[in-house]
Structures are given as structure tokens and as C-alpha cells.
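A short worksheet on the structure shown next.
In order of appearance the chains are A, B, C and D, and numbering begins at 1 in each one.
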Amino acid sequence: MTGIAEAPGDAAFRTEIRDWLETQLSGDFAGLRGSGGPGREHEQLAERAAWERRLGEAGWIGIGWPDARYGRALSLAQQVIFHEEYARAAAPGRLGHIGEQLLAPTLLAHGSEEQKQRFLPGVGSGEVFWCQGYSEPDAGSDLANVGTRAVLDGDRWVVTGQKIWTSLAHVSDWCFVIARTELGSKRHAGLSFLLLPMDQPGITVRPIVQLTGTSEFNEVFFDGAVAAAGDVVGEAGNGWRVAMSLLGFERGVSTLGQQIGFARELETITERARVNGAADDPVLADRIVSAWVDLQVMRHTALRTLGADAARDAPWAANVSKLLWANWHRRLGELAMAVEGPAAAVTSGLPYELTDEQRLFLFSRADTIYGGSNEVQRNVLAERHLGLPRDRA
Amino acid sequence: MDLSLSEEQRDLRDAVRSMLAKAAGSEAVRAAMAAPSGRDDALWRQLTGELGLTGLAVPEELGGAGATFAEVAVVLEEVGAALLAAPYTSTVVVAEVLARFGDAAFLPALVDGAVGALALAEPGDRSWPPRIGCAAARGAEGWLLTGSKAAVPDGGAADVLLVAAVDDRDDALFAVAGDAPGLARVDVPLMDQTRRAADLALDGVPAVRVGGADAAAFARDVAAVAAACEAVGTGRRALERTVDHLRTRVQFGRVLGSFQALRHRAADLFTAVEAAASTARYAAGVVATAPEELPVVAPLAKLVCAQALSDVAAEALQLHGGIAITWEHDAHLWFKRAAHVQHTGGSPEQLRRLLAPAAGL
Amino acid sequence: MTGIAEAPGDAAFRTEIRDWLETQLSGDFAGLRGSGGPGREHEQLAERAAWERRLGEAGWIGIGWPDARYGRALSLAQQVIFHEEYARAAAPGRLGHIGEQLLAPTLLAHGSEEQKQRFLPGVGSGEVFWCQGYSEPDAGSDLANVGTRAVLDGDRWVVTGQKIWTSLAHVSDWCFVIARTELGSKRHAGLSFLLLPMDQPGITVRPIVQLTGTSEFNEVFFDGAVAAAGDVVGEAGNGWRVAMSLLGFERGVSTLGQQIGFARELETITERARVNGAADDPVLADRIVSAWVDLQVMRHTALRTLGADAARDAPWAANVSKLLWANWHRRLGELAMAVEGPAAAVTSGLPYELTDEQRLFLFSRADTIYGGSNEVQRNVLAERHLGLPRDRA
Amino acid sequence: MDLSLSEEQRDLRDAVRSMLAKAAGSEAVRAAMAAPSGRDDALWRQLTGELGLTGLAVPEELGGAGATFAEVAVVLEEVGAALLAAPYTSTVVVAEVLARFGDAAFLPALVDGAVGALALAEPGDRSWPPRIGCAAARGAEGWLLTGSKAAVPDGGAADVLLVAAVDDRDDALFAVAGDAPGLARVDVPLMDQTRRAADLALDGVPAVRVGGADAAAFARDVAAVAAACEAVGTGRRALERTVDHLRTRVQFGRVLGSFQALRHRAADLFTAVEAAASTARYAAGVVATAPEELPVVAPLAKLVCAQALSDVAAEALQLHGGIAITWEHDAHLWFKRAAHVQHTGGSPEQLRRLLAPAAGL
């Protein structure tokens, strides 16, 4: 039982995508299975770019975009099936997901016809990659604390400032940026949502070395960087609303696919525990079962939030899901280390070649910080869904 | 299976909720706790014969409403929220088992106010699943049961008891009439006074065989799912009441809810309750549509929902402060209910061990 | 190793008190062993009152009072020894401890000579019992939110208001009360520390029925209750300082004795687990060992806070100790139930006769609420000992 | 035994702290991490020969300061706080064992800058206490050891290795010179780069017998106590730095520390660290004054202090936010240290099982 209502034809659709992935990932792209997941975003970039183009050619990008001129407007069930099969096949981490899942829905909701025509085909063909310029070094979780400024100078915006935690900035062609376009404006007012080409002298990308010793995120410096005057989405000054609607797109159909990836991670750890004797420790075995139990609960919660009446039944879905999966994944990293036992302290080799378990353990710490920290999720739940007062500033 | 509540299910929920708000508020619960029967008989007649809530998932031709256990689950959450002191949960579990396995003889009565009870655990046994020592023997006119059962929920008032016993081959499930000869029942006093239970002594009690080990397992699993749904309702209500307290109680010159440490704890509890609710709802759906998943999903749901309720009930006491320690406040009722659910029907450790093979261990 | 430095003579002192307790608790008071602990404060009141007089006669009350005219000014080590032996003998819960450990140190620090002479002998002889009127129904953890008023009318204070959570009010002869004596004063200002006889028409005691079905605490109603004008400790208007210094007396030497009681509770549960099979569950066994481990840690922490340089080394002692023991005891109640298994749901009998495990489980919930809730302890630690800002009102 | 720090101990602490603040700040730690030896040789000479910190508890007649392990514990906390990349902990453990059991031959060198290491665990063994397979045989001129040891802390640089091996009767402890024939050492790369470890292969290595099973157990226990003291230091420093961050970092227009949810978490961590510190200090006192308590107190201290450090280090990452995930910030060094301590020298589960008899099970 998949748990989400399927229509006639969905089974055939599942077979189609499964067969296609099996063919591709046994052929030209056989080396890409398992590549590029969290903590491995730096791997095999050229091959993964080629993979994006292959996805685009085959029509697998934009399957959920509601406008049939650009995407395929498939049903929710079929989108879920795609993500499930993609995860099941261990197909590579997507280089194009920011364009496909964040930028495109934003343009479809707020962009001009000209913007849609200009930008969506490149995203859909897997040829143009986007990155996201939201967070700033001084802001932390406070997204409205935007210091990056953009000044209209004739037919172009001139952008100055700094963004941080920008995934994939070094491989992206374009960046969407929230910048302050009204001088002296504060907080949510006076912001605009701008589109900038990355390949220009005013933009410098500096990778952030993480606790793993690898780089997944970047700092992006804007020093007189330029966007065309027309490359503002929505209206100038209306950027906060555009940016926030985008955050809403981040959740949703990919959740069940993500959970298949989680299940694979847990299976690997469980298998390892059986082999190395950790599972003979009844207290560790109890923890392994707990992890499995909590994963089932996350799946049931995801199914509920994809139901027909979910908007009424589970308006808190995004916040609850984020808290659940981030905490679960972080605990999984701790469990992976416990299963390794004393071997958990030893890496695979010099200079600093981490084991899979160590990479999971370290990298999963970011899960509860980025994309809305645990603290932000709890604030939102308390204030918006429980009706408790806001903290007094 | 769509796990978001449909409009019809929301209507059902709202109707039951408003009815129980009127008829089964805190004072009514306390009156029922003090009554020897542990229930308000008029309310029980209203819930059963009048509204047909015990027959929701019973086929229409047997007097029921022909819905599914998913709708029963909606009612169970409200029953749990109200801490309804009545044998609703036991009765719908028995009805579901009989609708699936039994001959239909008992069902019309159960729809119409008769009480059902499921007798699994035996004295002195702390294992789970329980070891069945009760023996079923073929007599001249049918099966006869001999043995004893411990703290059977609603066992004292039950008109129909489903009793797990060992027949000549394996565990099996038998139906026994409440007034059957050879059956002795002794009420057992519970810490959770909104519940009733009885020890059973069976001495050659005539019984009807409902099914084999699969029926006994199905009954155990449906009872676990029902307990899970009820626990979700109690937990959600305890959290709502706690949040109300945080919104209104003033200390140090401000409402408690303006303290972020308390808000964050409430948010974590909300997450736990709604996640557990999703699992309970999935499990209720499985009863109707995919019973082959029950051996995994039922203990899973009981485990998760009992834990969520325990967490909420403990924090409800702490967040209410001193008032919650008094008899007058409902917080101790939630807390005792939580302990009851947690420690009966398998401990968390036992349930996880039961799930180990499913988890790949 | 007791862990706290003992002097020559301490061993003999230990033998003396041990022998005395053994004699008493095998003789007239044999029925009092284990009586009157937390959750059993309502038991055997007449016998326990007699026991207090016996303690007084033998000179075991006020052993730590620093003024040798009233008490015995014994060393810290000897006070600890007394409390340890008292706990080890399972001697009964003290009816006189509020007078001995709270009122008397307050009088010794802030009282007039006349007050000391009038009140301390009765406390020391075990004949006069005191209760504490601090908390109020609307105040919760906010002790400064005092609504009880006292007005000076000639040679007497007339007191009106309500106190709550007053232990032993129904058996006490006197009550010390914080009341607002300056009209219109706010918070900590304008309060006075008054001494009132309980046996007067203006005072009504109403027991609070708790979740156990028994009564440990009371509401005390003051409706024109009277205190002599001179029965104010410190000065009128200075009650907050007097009251707060009293809170400091609550901690200290009795901690190690309390832990001996805890150890006995844990031993009972462990023994029960061995007998009923719960200890065969390795996950439950792991929890039992955890409880034992945490009890050792509490003991080491208590020893550290009784050290010679503790004021510098552990100024946070009261708050850390309260958090540790309250949380530990609450978890112990949960463990007791888990060890019982399905039997945990069943009481000993009607009407509502709880088992020891149930009483512990239920009554220990109060530990993290009364005497400075967990939340108050955390606030104090964060603000006073970590230097973090106060919450903005 | 007085567990509050005396004035002399506070002076010692302050002196070591200010010295390490100058010589072993974050940049120095990172330089040592990158160095093949894993340490700053000049600093090591200063700590040992110059200041005599490895000889604190060594008798004066052997060149030490004649203090006790309680004073070593004071230094260990500071060493842990600084994440000092140097073989201090290994060396003082070896010195303590030799002072108690050994002939005194090696001690003057250890006071003067030689490095000690304790070799217990063997490849592929995840049990605790570790199973000893290494064999000690009597040769013509004394004992010869054969076998292998896994990830011996500071084993690569050690001048004196204490090696647990089985002699003709039981587990025993032997001393081996770092340059002994037949000893091969291979560096093992660690996730915690402030530490160094080596695998040992022993092929008929000449050795001096230090003592029997009691010496091996004493060595294991002192190592556990030392690890506990060091972990307390790291945890306390990580918490101090986190509290500093909360006091100064502004978000949403206010300092983070003004959010009560964060303050309460800091208070709980403070409680955990100081409680663990009490136990570490008690254990250090026991080394000197009541070694018969060590078999219980040592695993207890390691268990409790490793857990406190793990809790603090995990929350330090979360409370620092994004910056803590970067290589430049020290948060990941605390976190990796915590994992190292937690997963070596016995897992929490193993240590609790070891303590079960003491707990009455």
C-alpha cells in the first residue's frame, strides 16, 4: 500500500520511470548511483550536469509545474511516484533542484510572461542551474535582516552585499537574490527579488569549508554586481512576499522520496550492526528499532500532509515535517557512530577521508540549523498554530 | 487511503465532540469515576442504540452504519479527549473482530448497547504478546474454557467476552456470554479511575470458537490500534488545555505563554502528538483496508501514541504548576490515563522487540 | 569513605546517634519506621508528635544552630552524620523540620533576643510546630506577588489574605507569613515577616486533596487573623530580605540524608525488578543502572557543595542540587512503574489505596514544581551564574 | 576528601589556564593538528621538564612534585579545555601506574618529557573491558610480548608503552620501550585531529612485567578517570564559549541570550557539566586515597563525563548556528572530541552493564 490514492495509469507510470532510471543508471551514468547526496554535494559535478541534461531531454524536469506550456502538470500521486522511484534507484543528488523546485514555481506564481519564457525552458532542459541568495552572515535565522543593497542605475540594478550558505553557487549560472532596494527601509519592507547572472566581475564565490573538511556551501560577495532592470520578480519592493511564497514550495512531494533515502541509510546501519555485533547489544538494538519506528511515523505524517484535505487537516505540515526529519536524521548520525563502536573514532585515511558514518554524523548537524532551524520551527508552531504570543522584542 | 480527515469525518468528529462536551465534561467524568459501574448509563444508551457509535463499522445488514474502522477512530479520539468513562473502546474492538471473524449472532446486541470486552492477559504474566494458558476443551455441546484472565478492560460489565485460549492446536479466540455458567468476575481497582477492569476465573465456561491464532492476533492488534487512537485524543486535549493555560495564566506580570522556553516545549509536544496521530490514523485505515499490515502497524501505533500521550501528560502537569497536583484539576486524570496506556498492552521495550524483525533485526 | 572530612570523635558520634535511633525505633516508636515521608505526610500524626518530643529531650533538635545557648553548634560533618544515620534508620518524617530548619535559623539571623528566647526553646524541645505561609494562589512561582495584607491596629497586626501549599498547617501551632504591610507597595518592597499563632478564629485551614487522593498541603485563609505587633522578624517592610535568607537555609546538610532515602527507594525498586523479572529486560536493566549512576553523581555533587571552599567552588549549589534531585526522583517514579509492568495499573484496593510505586510515581511530580520549580531554577542559573540576560517583562 | 577546589588547586588551575591561553589557543591547536607529530614540541618541553606537569603526582624522590592525582585532575581539566594537542593524558596515566606498581626506572624520564602510552584494546574487538589476546612469554632474558593493539592513544610517539597481555596465568601489564626490537607502529588517522593514535604489532618484544591483573585494571581505571577529567574541561569550555555567544550575538534585534528557550538549555547543560565535574573530581581523589573504589568509580566517571561533554558539544553546535558548521570555528573540535571520548574506552551501554552489579543487578 503506497498510502496515497493512485489513479489508473499510475502503476504504468511507476514502471516507466523505474525502467528509465534502471536503463540510465546501468548505462552511461552507472557511476552516479548514490552520488551527490547531503555531505557529498561536491562530488562528480561534470557528470551530474550531464545527468541533468539527460533528465531534461526525457521530460523529467518540471513534472509538477502546473503550467503545461512549461511543465507537465502531473498529479500529486505521480510526482510522489517519481520522487520515490528516483530515491529508490539511488539516482544522483540533483544539481538543478533549486531552479526546478524553488525558482520555477516562484516565476510561475509571480513572474511576468517574458520572464517565464526566458528562464523556464533552460531550467526544464537541465541546462541552466540556479542558486539562492537569501541568508546573510549577520542575520542568522532572521531572514528579514537583509543588508544587501541594490540601486537602480538606468537600466540595471547595481548590487552590493554578501550572502552566505549558498549551495551550488560555484556551479550555477544564475542566482536569485533578496536585496534591499528602498534606501532606509527596514525588515520586510523595501526588498526586491532579483535575478543575476553569476558569470560577471561583480560576483565572487568563496566556498565555506565545513566541519567535514569539504565544501557544500558558499559565501557569495556582490560588489557592484549587475542585474537587468527588468529582472525583478513581482514588483520592486515586494520581494519579501515573493521570497516567502518560495519557502512554501520547499516542502511537499519530495518528502516521500527523501524518506526512501533515509530508509536506505538506516538499512545500511542496521546491516552493519548485524555484521559487527552491535545488534547483539540489546540497548543498541532498541535504539535501532526506535529509529525505524520514527521513520514509519514520519512516513505516515507525510502521507497525511499529502492527503486531499491536508490544508485543513495539517496546516502545520511544513514545520512539523522539518522538525521531525531534521531531528531524526541527526539522531541517525549518532546511531551510526554508536554502531561503529570504537571504530567510529578512526577515519578512512589521510588527509581527512571520513567514513560514511562519520560524514553522516557530522553533516547531519546542519539539518537542524539550515532551512529554518529547530528554534524557528518551534517559534512558528507556537505562534501560528498554537496561538501563543510572540516573544517580545 | 487518504489520511487527511474528509469533510464527512470532520462532521462526525464535530458532532461527537459537541455531544461529549455537553454530556461528558469533567464533572460527568468524575461522577462516573465514583459510580460503581464506572459509567453514566443514560449516556451509554445515547452513544450506542441512539447514535449507533458502537456500530459505525458494523455492516448495515447487522444493524450497523456500514462505515469503516477509520470512522470508529474518529470517535475514539473524541472518547479519549473526553476521558469518557464508558466501555466504548472495548466494545468497538469486539465488534470489529466479530464482524471479521465471528458468526454474526452477537453483533446486533453490540450495536444496541451491549458491552464487549477482550480478555488476553493472564495473572502473573508480564510478557507481551501475553502467554495464553487458558485452555479450551471440546465438551458434549461445544467448547468449554478453563483458566483465568487478569484485569480485563470492561470485563466486569461485558455482555460478550472474547477470550484467548489454547485449543487442541494453538492459540484461538472464543466468545463467551457475560452470564455464562462457570464464569466468575471480580472487579480490579485501577489507578486510572475512568476505567474499569475485572479478573476472570473460568471453570468449564461454554464458549463459541470465533477463530484461530489469526483471530486472536487480529483482536490484539485492533485493541492496540483502538488504544492508540484513544491516546491521541487524550494527548491532544491535554495539550490544548495546557496551551489555554499558557495563554491565560499570568505570572511575573505576563502570561506564561510569553516565556519562550514554555512555548518551545509546547511546540515539541504538538509535533509529537500530531505525528502520533498520523500513525494512529494510518493504523485505523489498515484495519479496514490492509489487515495484513496490522502485525507491524498495530504495535507501532500503540507504542508511538502511548509515548506521545505520556510526554504530553507529564508536561501538562509541569506546565500547569501546583494546581495540576490537585484532585480537582483534570491534569492527573490525563496523567493516570497515560500511565495506564503505557503499561498495559505491552511495554515500550516489549513492543520495540516485537518490531525488531520488521526493522531488519 | 564518607567523602566529607571527619574529625576525631566523629566516629563515636556516629555510633552514638546510630545506637540511640536503633533503641528508640525498636522500642516505643517501632511502628514509626518509614512513616511520614513524602506522599505520606498525613500518617501517624500523634505518634510522630511524640517522636518529636523524644528527639527534643535527647538533644537532637537544633544540633546545627550556631548559637550554643539554643542549639548545639555541631560541626558540618556531625550534622551530616546525624542526617545520614537518621535516614539510614528509616526514622519518621519530621513534623518539626520547618521550625527547626527554616524558622529557627531565620530568628537566629534576624530575630530579636526576645523572639529567640520566646520561640526557640519550644522548637528545640519538639513541642511547638511551625508552618510556612509564602505561596499564594495567584502567584505561582512568583513569590514576590504577595496579596496577603497586614495592617497595624494598635498593638497587633490584622492579617487578611490566603496562602497555599502550606505543609503541616493542620498540625502546626504557629505560622510565619510574608504579608504586605505597606499599602500600595509593589513586588519586593513593603513586605513583612510575621509570626502568627494558628489557634485563632481568624485562621482557617483547608486541606488540598492531591492527585494521590491524600492531603499533604493546605490552603490557609486569613480573615482578620491577628499577630502581636512585636511578632515581626527583622523590621516591618524588610520581609523580603528575611524571607529570602530563609530560602538559603533550606539546602545543605540534609542533602546526604535525603540521598540515603533515595538510595533505599531505588534499592526497593531494584529488588522488585529482580523478583518480578523486570531486570531480565536488558533495556529496563539499563534504566535501573542509569538511575543508580545518577544517584552517585548527586552524592558527589553534594559532597562537593559541602566542601570547605564550596562557596567559591560551587555558588550554584542550591539550584543545581534542586534540579538534579527533583528530576531524578521524578524519573524514579517512572522507573518504579515500568518495573511493575502491567501491575502498575492496578491499585492495592478501594476506595483509592495506591501502591508504594504509584504513590512515588504520582507524588514525585510535585518535586519539580514546589520549592522553586525547574523553570525557576533554570532562570536563576542562567541569570545569576551564567550571566545571561533576564527575560524582559 | 574535600571535593571543593582548595586555594592551592585554584592557583594551579589559574596558572595552567593562563599558560595554555597564551601557548595553546585555537591557532596553536590547529597548527598542531596539521603537524605530523600532532603536537608543539616546544610547548611539550615547557609543560613537562620546565613546569613538571607530568610529574605532579610522582614522588619527589623520583623527580616529581609529590602531589596527588587530584592535582593532575586540575591540569587535565585545563588540558581538555584547551583541546591541547599533546600526549599529556597518556603520559600522566602511565606515570600514575608506574608510581604505584612499577619499578621506578621509567619515571624520571616521564617527568622530564618522555611520552607514555597505555595499550589495551586489540583489533576487531568491540567488547569492554577489552579482551586481551596479546601473549606474554618468558624468554631467556625476561618477558617477550607477541600480538597486536588497536588505535593506542599516543602510541606512535610513546617512549614507554604499558601493554596489557596474558601471561601464563592471567591478564597482566608490561612496560615496553618505544624503541624495543620487534615493535612496529603505524599511525591511525582519527576523526578528532587533536589526538594521535597508532596500531601496534608486537613480535617477541622484550618487556618488563609491571604487575598482574590488578595492575592492568588499575591502568584501565586511571585512564578512564583521566578521560573523564579531560572531558569535563572540554565541556566546560565549550559551554562557556556558547554562553559568550548567547550573550553577544544579536538576532531579531536582540541578543540570543534574551530568548528564554536558549537560556534554559544553557542552564541544563551547566547542571550536567558541573554534576559530571563533581564525579570526575571524586574519582580523581579516589585514585590517590581509595583505589579499591576505582573499579566502580572509574567507569562511572567516564560514563557521566563523556555524556555531559557529548550533550554540551551537540548543543554548542546548535546554539552557535551556521557558523559552528564551519571548519574555522572550534565547535566541531569539541564535537569530535566528544565523539572520541564517547566511543572509546567503553560505550555508555557497556559501562552501565559493567556497573550493574554495583547497582544491585
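Observations on the structure shown:
To be clear about the criterion, a contact is a pair of C-beta atoms (placed from the backbone, for glycine too) under 8 Å apart; a residue touches a chain by one contact, two chains touch by 3 or more.
Source: prediction; values computed, not measured.
Considering the contact criterion stated above, the chains in touch with subunit A and with subunit D alike are B, C.
Of all chains, C has its CA centroid at the greatest distance from the CA centroid of subunit A. Rounded to a whole number, the gap between the C-alpha centres of subunit B and subunit C is 41 angstrom.
Distance between subunit A and subunit C, defined via averaged C-alpha coordinates, is recorded as 55 Å. In terms of their C-alpha centroids, the spacing between subunit B and subunit D amounts to 53 Å. In subunit D, the positions touching at least two other chains are 259-264, 349, 352. Shared interface positions of subunit A, defined as residues touching 2 or more other chains, are 283, 286, 375, 378, 391-392. Of all residues in subunit C, only 282-283, 286, 392 touch subunit A in the complex they form.
Residues of subunit B that touch subunit C in their complex: 121, 126, 150-151, 188-193, 197, 249-254, 259, 261-262, 314, 317-318, 321-322, 324-328, 331-332, 335-336, 339-340, 342-344, 347, 349-350, 352. The touching residues of subunit D, counted against subunit C in their complex, run 1-7, 10, 243, 246-247, 255, 257-258, 260, 263-264, 266-268, 270-271, 274-276, 278-279, 281-282, 286, 289-290, 293, 300, 303-304, 349, 352-353, 355-356, 358-361. Those residues of subunit A that touch subunit D in the complex are listed here as 135, 139-142, 145, 164-165, 208-211, 213, 276-278, 281, 283-284, 337-338, 340-350, 352-354, 358, 361-362, 365-366, 368-370, 373-375, 378, 391, 393. Within the complex formed with subunit D, the residues of subunit C that make contact are 1, 3-5, 267, 270-271, 273-274, 279, 285-286, 288-293, 296-298, 300-301, 303-305, 307-310, 312-314, 316, 320, 323-324, 375, 377-379, 381-383, 385-389, 391-392.
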